[in-house]
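Residue numbering begins at 1 within each chain, and the chains themselves are lettered A, B, C and D in the order written.
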Amino acid sequence: MDAATYVGTQRRKFLSRERVVKWAPLLVLIVLVLLFPLFEWLEDARAGDDHVYLLDSRFFSIRNAARIFISAAPALMVAIGVTFIIIMGSIDLSMEGTVSVCAVVFAFAFIAWGGTLLSWAWLALPVAVLVGAFMGFVNGLVHIKLKIPSFMASLAMGFVGTGLALLLTGGDRIRVEDPIFRSLLTERWFNFPVMCYVAFVFLLIAWFIQSRTTLGRNFYAVGGGEELAHASGLNVERVRLMGFTLAGAFFAVGALLAVGRIGIAETATGNNFMFVSITAVVVGGTALWGGIGGVWNTLVGVLIVNVINNGMVVIGLPGWVQDGTLGLLVIAAVVLSTDRKSVSFVK
Amino acid sequence: MSFIKKFIDQEKVNRRDLLLASAYGMGGVAAAGLLGPGMARAAIADPTVAWSYRNRTNPYWNEIVSGGEAFVESLGKSKEFLTHLINEGSSEKSLADVKALLSKTNGDLALAIDTNDAPNARPVVEACAEAGAYVSTLWNKTDDLHPWDFGDNYVSHMTWSDEGPAEQTARILLEAMGGKGGVVHLGGIASNNPAIERLNGLKNALVDYPDVELLDAQPADWDTQKANQVMSSFLTRYGDEITGVHCANDTIAYGVLEALRAEGIEGMPIVSYDGNPQAVELVAAGEILATVFTNPHWGGGITASLAYHAATGAFKPSEEPPEHREFYGPTIFITPEDAAEFKANYIENVPTYDWTDFWGPSNGQIQYG
Amino acid sequence: MNLTRLKPYLPWITLVTLTLLVGIANPAFFNPVGLMGLVADIVPLFIMALGMTFAIYIGGIDLSMQQMANLVTVVATVYLAQFGIAVAFICIITGFLFGAISGFVTTRLYVPSFVSTLAVGFVALSGAKYLSGERALSMDATLRNESFGWMFTTVAGIPSELIIAGVLLFIAWFLQTRTTFGRALKAVGSGELAAVASGLNVDKIKILAFAISGTFAAIAGLMFSVKLSGGDANLANGFLLLAIVAVLVGGTPLTGGVGGVINTVIGTLIVVVIRSAMIYLEVDATQQQMVFGVVLIAAIALTIDRSKLRGIVK
Amino acid sequence: MYQLNAVDKKFPGVHALKAVDFEIKRGEIVGLVGENGAGKSTLMKVIYGAYQPDGGSITIDGKAVRFSNPRQAMDHGIGMVFQEQSLILNLTVMENIFLGYEQQFVSYGVINWKKMAAAARHQLSKVKLDIDPATITSELSFAQRQLVELAKVLTLEERVDGDLVILLDEPTSVLAKEEVELLFKLVRELTNRASFIFVSHRMDEVLDLSDRIYVMKDGAVVDVVAHDEAKVDAIQHKMVGRDVDKEYYREQKQRPYSDEVLVSFDGVSDGRKYRDMSFDLHRGEVLCLVGTEGSGREAILRTIFGLETPTEGSVSIKGNRITRFNAQNGVALGVGYIPRERKIEGIVNGMNVYENMTLSQMANYSSGGVLKTSDEKALARDWIQRLAIKTPDVYKDCGGLSGGNQQKVVLAKWRSGGSDIILLDHPTRGLDIGAKEDVYEMVRAMCDDGAGIVLVADTLEEAIGLSHTILVLKDGKFQKRFDGRPGEKPSLYDLVHHMI
């Protein structure tokens, strides 16, 4: 008997458990998208109005899709950044600080260098991304060189970031009025503002990094088995450092889109990004213990969270119910997209 | 007031303090003796002046701070003389910071404070009275807490009755809507007093406009980004039914404006509150119909000034009438017609105030309903 | 003395060094009354950190504590008139139940505690908003003093709040070090699979750990509510991150099984010293948060015992 | 070709390597044996660059070299196949093979997956493994993963100019017998490509495969034996410095078991790993489950302990039919489980000796939930003495004990709690001879005390030597039952015949 014939090859089943779990987040998203119009239909039906399910839905419309995408775009960028970190099995909680600093630095530079994209002020865009990357780099250095677990290192770096943004602005908010920059929001192609396309391009870039570059694949290697990767000759520290730097750059892109959406850069620009982005990543099916998931999962996760938020207002849920409903739906989404058989225990 | 009566009153106050305060168990007269002057302390020659507020990300608080700084400069000191305590929206930090500062200054403190949340006012005031410091509060306090229950140490409380002004801006809005259509309200943090009052203002106005429907009211937590998202969801739910927007403050209005801009909607009637410089610009440009200026610069300065002058003994709060201890702050309406004038008077040239004219611009004693 | 022998004492050393630094820069810091007050004031934060220790000790985290405390401030304020001091039991039961739900979602539904507790926290927030009618409520002063006035008295010169904290600390310490439950917690934190293979009911232990952290959150919320004489759905905001930081700085790493409640005492004190140092050393207000972050990194770098992190630092 | 000359390595308090001379020639397979702690793993770490020697020199083809990390060693043609499987399970096979060396497939920053797949196929063909290189590694069997691992090391062939030296650290520990034979066949064929250093606890395998055998003891090489002169006894003698008992498996101590049934399986299936399983375990019996990896042996153990719920049939323990399967029930009925993953499932790393020993029976050492620590310590001291556990005191963290002593702590945990149904999953895996003998001694002692033992043995010899009864399984199905009375024991061939 020969080695090849003995160990043989296993055929993968078409509808394996892995596959079902893999597509569960998308399924959840679709269900949610179909669910909210159902409530609208019920409401109108009870009032005795004509309402064709989906067709007459205000939620299920292109205009609302655009609104959801607008609110999702900055969060998506931040969530993509943290996705890389979570794939490595680490966590990054510094996004609120980094986003604020990048937004503020961008606004200051943009205004100082001309205040319109048609001048040298366009340089403020790459400068902001560089600043984000630098903040991520420092975050990574603190984590790796001081051997502080990423949770604590990034949490503390988040404080530093927010503090730095406050120091820079002294509490002022900076308006970015340039109509060309603001066309991110105001200019629409095929019903969707430019910022949606920008976000999509960066999503593709992230996907490219994840699937076609050594760095991206190394994230998975580190997340799948850090010590093993190290033993295979991988410079794990370098991969980690690059990961945090890359995440910082994506946080910066998120900051730019956030400024583009509101037209204001301030210390509070970064608020709320932490829990939203991490929740989105997890809801999308990227496991907190690393090695599984990716940027498409994150897209689905971010959309789930934003669809829930938008849908709850659209169907007229009272304010106080919304938090709890979000909580319950998040649990449901994570439960459905976790392959329970593959994890021995969860903490 | 006779000497005897005064003494008895003083004793009452002390006993009440003994009951209410005294987390250290050193309340009342005994503590006063032990710690130094305490309640008996008449005057502090050179107290530390501090302002405790929520954060620096809201222009409103920056205005407050600028007032506080203007006041210390009027004393011939540098801006840096003013100590800042920022609570970041945490009542726990607010109280802890005050306690630390009291301990550091040994009670030689004149404190102006917004306690972040109404319930937090009591422990803050009690701690100050305990240490013999002088405190003036702004905005948040519970209805059962009064300066006159604490002798001289709780100098004053200033707040704004937002219901009336909010009602007036609402009327401007409803008129602009032609007295019909649908209005949405984006509120502050739901449990904050101003948020409640401003919504009530709108509701009061709506009584006279039966053809206008209040489509929805959702909290936007004073936050531009949240307001932006809530507004775009409103647009989905109500679409063209929305013909006017009532915002609880200016930062919310910014988010609303951007949500409308994203949809290419122009000329939607909007009113807001606070009168931040940026909002005034927007009023001048006609993008916002009206906002209410509460003169935070003056509020910030005069609150610190009251605490300071009480501390130095320049006036004795317990001898002042109730309307000098609990009073409403000033409100100024800003509409497109007077925006330019307002801008010239209040923003481009910050007026120089007489910080010893404590109650000149104030608006009467606080009424509890 | 070499560094390895010093390691277990690093949190202590950090605390003492920080205290001395602040004290030298501004001797007023050593005023005993002020110090006592400083410590008494952090009791709610400390109790919350104590609860958090249980969640982190088993290798999880509890992000619902702040919202739980918010809910409890409302529950306490709303039901004080009706139940008097018995409202404390309602609060504690509320905390226990919500914590148990977090634990259930984590263990039985396989949702990582980072997400499950966050989500349960949202549910608690909804409850708080509903119950409070989205308003700030205040307690009736007489009722409050009748039922909870004792919290603000002193026993032999020591504030009752501190005594409560001490009692809770003792209970937590006893639970952790002297009981089968504490031993089981350690086993779950250090080697969950071995605990399963030893026949321990690991799910039950974890659910209980989260229930305990919920209970402590409730006690913290109750004390805070009484202290502030009121409640609303945002009252306890700002506690969460500080409580986590306190636990971590004390030397209980997120990996579980190491550290414990005594570490949390030190951690909380370190956090408080850093925070009051800002005021004593007159750090500019706009710089405080940044300084806090930097000092935090230094403190964590000093206090964590990396040899106990076992293997990789994630 | 590759030489270590008087290499020295010291750690605080330990002289791990004492002037070790070591040499390997082109195309040679060199065995490396020694008891735990003899310095084998230190020596290997020096060879593949994880440790830097304190003294002596390393030469390749006469030229002195110095590696500061494994990567530099790899660049000199030295590769390592790890004992613990070192593939990253969430990556594809080809990614694993080229992990850390992806650069060759990258142009303009982009990985060319087709090119990598082709290269990976080439590597896999060296180990005769015909799988899609894009397969996710977790979908492979253990045996397949072992081959992928070897293929990964063989990439050095293309990458490095000189000759290859490949270290195989316990490569057979997770493989079933016939898989081992296939691996050996492959290794012999591969000697035209590389030299091998083979480390194993299984003496027969080392003898079988190696051209020369280095015997280590106490950090020094005590003998180098050529293949033809190698004798198990002689080598073991040198390793342990004493004679190994001929009656290795304590057959003379095997006594007949009683009629009392402890565990009874009647037509049990778990729906996945095994089907229609029926057997009885009696008091005093060692019942051994024999089969290849994946034959369902472990799943049966886990069912008895209560970690898995069967879908069909009935399980009775001491006459009680089990309806709710959980570990607490199992423990309460006297079942003790000694898992294969000793460091992960056996002991709690981070808890001390007495804490580990009472973990399963805390109720006995507490009243009202409060622990009686002095009783615990007394228990621990008693069992430390009974089983001769080498530990400075009862406060020692079990993670810091040697493998054999960890195993003794686990055994003490169950035995001290009165468990009389003991499930042994590879109890001697990774233990040196001395520690193995201790375990065998304990197995006999437990039987004498009236315990019933279900064993999944590390080797077939062990299975034959220890058991009263052998059940052979294949693909989750019962094949054949053998009676193992001393003198009538089945032969290796009998078993293998039914296994494959």
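Just so we're on the same page, a contact is a pair of C-beta atoms (placed from the backbone, for glycine too) under 8 Å apart; a residue touches a chain by one contact, two chains touch by 3 or more.
In this text, all values refer to a predicted model and were calculated from it rather than measured experimentally.
Engineer: If you tally contacting C-beta pairs, which comes out ahead, A-B or A-C? Let me know.
Structural biologist: When the contacts at A-C and A-B are counted, A-C has more.
Engineer: Which whole number of Å gives the spacing of the CA centres of subunit A and subunit C?
Structural biologist: The mean C-alpha positions of subunit A and subunit C differ by 30 Å.
Engineer: How many Å are there between the centre of subunit B and the centre of subunit D, using C-alpha atoms for each centre?
Structural biologist: The answer is 71 Å.
Engineer: Which integer distance in Å separates the CA centroid of subunit A from that of subunit B?
Structural biologist: 37
Engineer: Averaging over Cα atoms per chain, report the distance between subunit A and subunit D in Å.
Structural biologist: 43
Engineer: So which stretches of subunit A touch two or more other chains?
Structural biologist: 166, 170-171, 319-320
Engineer: Touching two or more other chains, which residues of subunit C qualify?
Structural biologist: 129, 134, 193, 196, 286, 288-289
Engineer: Which pairs of chains touch one another in this structure?
Structural biologist: Contacting pairs: A-B, A-C, A-D, B-C, C-D.
Engineer: Spell out the part of subunit A that touches subunit B in their complex, as residue ranges.
Structural biologist: Those residues of subunit A that touch subunit B are 58-59, 61, 63-64, 67, 70-71, 166, 169-173, 175, 182, 185-186, 188, 193, 258, 261-264, 266-269, 271-272, 309-310, 313-316, 319-320.
Engineer: Help me check something: in the complex, which residues belonging to subunit B touch subunit C?
Structural biologist: Going by the criterion above, the answer is residues 19-26, 35, 56, 83-93, 95-97, 99-106, 117-120, 122-123, 127, 142-144, 189-193, 196, 219.
Engineer: Would you mind writing out the residues of subunit D in touch with subunit A in their complex?
Structural biologist: 69-71, 74, 80, 82, 86-91, 95-96, 99-103, 106, 109-111, 113, 127-132, 139-141, 143-144, 147, 152, 178-179, 182-183, 185-186
Engineer: Give every residue of subunit D touching subunit C within the complex, in rising order.
Structural biologist: Those in contact with subunit C are residues 305-307, 326-328, 330-332, 337, 339, 341, 344-351, 355, 358-360, 362-363, 366, 369-371, 373, 413.
Engineer: Show me the residue ranges of subunit C that touch subunit D in the complex, using the header's touch definition.
Structural biologist: 178-181, 183-184, 186-187, 189-191, 193-201, 257-258, 308, 310
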